[in-house]
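Both of the next two complexes hold subunit A, though its partner changes from subunit B to subunit C.
On to the complex of A and B.
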């Protein structure tokens, strides 16, 4: 099982959990698992079958958009992080 | 008789920062690690380049002239850089600053002559952006350079930061910089890719504490208009604790006192350097550590917990 860290903005949709155990061997399968269990997440995470523009997903600390996107592999012990896109830059 | 070559003011000293080798930090002799010391700019950060380029462009376009007031959302460095520029060019400056930035930043902004308007700390940089956009809408005398959407920001790094690195080295395999507005990565990245087409452009991105995410929903998220993430090759999330560990390593091994984002860049650079058998990795270190000395993470047992309520870069 992999684990997903849920950002504060999405915790209401998952019953308040900060982290969830998930199944799936790719990011797409993990999101599928999340959306099946918490249907309210669907519109937040996906947009026309792609990752929604304001959502970043990290596997092993690396943004999956720079890897294989939704096809990025997820290992059994991997830690995924969901984050909203935020401004930075001092 | 070199009088004409002397700088006329601090504005002439923006850019042309030192590039040093970090041989004591490199994981192997075949991987050469370099650092561009942007803290050596006149107001202490890479944002001197951005502030200068944005105001030059606005004055040249006739958008900025005496009588107008400058306004910018900033958690520190851009505000300090704009304040230096504003003072020497004769403009007033108002900065919208998240309420939880370090005391040095606030004090520096005031000393340089900026007026401070606070935005809720828990809303982070996004909150400062929102508040500044509202202020600008309500008062036509404000001119907002707005680094997040101003093409002069990446252009400053294309013509300055990136060009300087490309001229100084005969090979660059990886460029690592902190991700904020995206200006450095877009501008310097493009310039270095022109010189070294195979270069990997890598972003070190902060993992914000829960309490500063401050978004009601993901739809409140913000991707700066100047940032095109498809032009990044790698994007690595760095925790506050990892950034501070990088900062300490940089200081212990090389004697360089960097800021929090510099620590994050070093952390990401070392991770990427481990993947190379040989090559050249260049780190852009955006500021020095001076503005962080009052922060309480230095002696904290749990660094992440000590840092989670503040926006660090």
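On to the complex of A and C.
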């Protein structure tokens, strides 16, 4: 099981959780697991089957777009971070 | 027992001396000669030979090996008239310095001859007291404090992030703070915007911030821009010349505008953003590290990007993130330490956790990449409300 850090802007869609345990050996499988459990996340994370351009996903602190995108491997115990842009400075 | 005069004459006969003209020739020849000033601190402050190092006669023996480890380096020692420095030359020879000469007629004759002098900038006694805790830190010191006093930082937003950032920058003695904000102080701001106060309700935020910051530190000049940053005014405002931008804007159009303008004008941006219990902070150094568009090529649609006004924010959170922004801005000015360029910190105030992710330059970045596709400001109002296409 890997763990995914849920950003505050997406917590309403997952019942308020800050972190979730997920299954999957690639980023695609992890997102699939999340979307299956929390269908409202689909539009927030995916765009035409690809990662939405306004969301970054990090595995081990590295942006998966700099690695293998959705095919990036996820190991048991890995820590994933979902990061949508936030603009607030107020 | 020798008198002073006899001792001086004796010493001068045992050392090598050069004339003022010879000293100038050495300075101009850049032959590696190092000028060592052994006068009193107030004499040094009134002017010295360009490039000279200072060590008062009283601590010469103690300090010189730290300042000049190479004992074969040619040294030209001077005081005001050549007497104190004669004894200094003798001592340096006893310490093993092999190539030391005395400037026979001293700095007075140098100055009288009309040769160049450097007048060091010094802190006033008030400034020495005010910044004493900075002066004690080797990484800041007097030179660093002068840099801070000379520095110009532009704060975009005088709100949650801009409040603590501007307060700490002003306290640190950053000499010029530009502040861009079109809003007036509202009651709902005061839970976190600590640069303002209850008696400022209804006052423009830039005016309120100016009063607070200039009241905190008279060395600080606040330049207010009571306007919203737009594609129309961004060149004028950035064109006033800034060393660092502290971005505490509250919307995506301004974030992208600040980014594009900073990349094109080469000004580093200390970026912070907050929402509820979560803060993000990083540094964008144009063409050296990633920019905001490398991190987030495009903004989320408005319905997926609630603002603090809609979602709320814990009052202390901007205090933490804005203070980190001030820290990064000070380090950029001082050119010390490791900046957050290439790293994004994520602070979760609920769990009190700090995560760090890497941010890399995107070779395909539409603004700072190898083949930029964005070369002029976008109409950001439209950009924000319309379906996004970059």
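Here, the second predicted complex is superposed on the first by the 85 of 90 C-alpha atoms of A that agree within 3 Å, B and C clash if a C-alpha of one lies under 4 Å from a C-alpha of the other, contacts with A are read in each partner's own complex, and residues count from 1 in each chain.
The rule we apply is simple: contacts are C-beta pairs under 8 Å (C-beta built on N, C-alpha and C of every residue); 3 or more make two chains touch, one makes a residue touch a chain.
The structure presented is a predicted model; accordingly, all values stated were derived computationally and were not measured.
S.K.: Taking the superposition as given, does A:49 touch the first partner, subunit B, the second, subunit C, both, or neither?
M.R.: Neither partner.
S.K.: Please work out whether A:77 is in contact with subunit B alone, subunit C alone, both, or neither, and reply first, second, both or neither.
M.R.: After superposing on A, A:77 lies clear of both subunit B and subunit C.
S.K.: Under the stated touch criterion, which partner chain does A:63 make contact with: subunit B (first), subunit C (second), both, or neither?
M.R.: both
S.K.: Is A:85 contacted by the first partner subunit B, the second partner subunit C, both or neither?
M.R.: After superposition on chain A, A:85 lies in contact with both partners, subunit B and subunit C.
S.K.: Regarding the shared-chain residue A:16, is it in contact with subunit B (first), subunit C (second), both, or neither?
M.R.: neither
S.K.: Which positions of subunit A sit in both the subunit B and the subunit C interface?
M.R.: Dual-contact residues (subunit A): 7-9, 44, 52-55, 58, 61-63, 66, 81, 83-90.
S.K.: Residue numbers of subunit C touching subunit A in their complex, please.
M.R.: Residues 156-157, 159-162, 247-252, 254-255, 272-278, 280, 295-301, 304-309, 311, 313, 318, 344, 346, 348, 350-351, 355-360, 388 of subunit C touch subunit A in their complex.
S.K.: Of all residues in subunit B, which touch subunit A in the complex?
M.R.: 45, 47, 74-78, 124-126, 129, 147-148, 178-183, 205-208, 210, 213, 215-224, 229-230, 232-238, 261, 286, 311, 313
S.K.: Once bound in the complex, which stretches of subunit A touch subunit C?
M.R.: Residue positions touching the partner: 5, 7-9, 18, 44, 52-56, 58, 61-63, 66, 81, 83-90.
S.K.: For subunit A, which residues count as touching subunit B in their complex?
M.R.: On the subunit A side, the touching residues are 7-10, 44, 52-55, 58, 61-63, 65-66, 81, 83-90.
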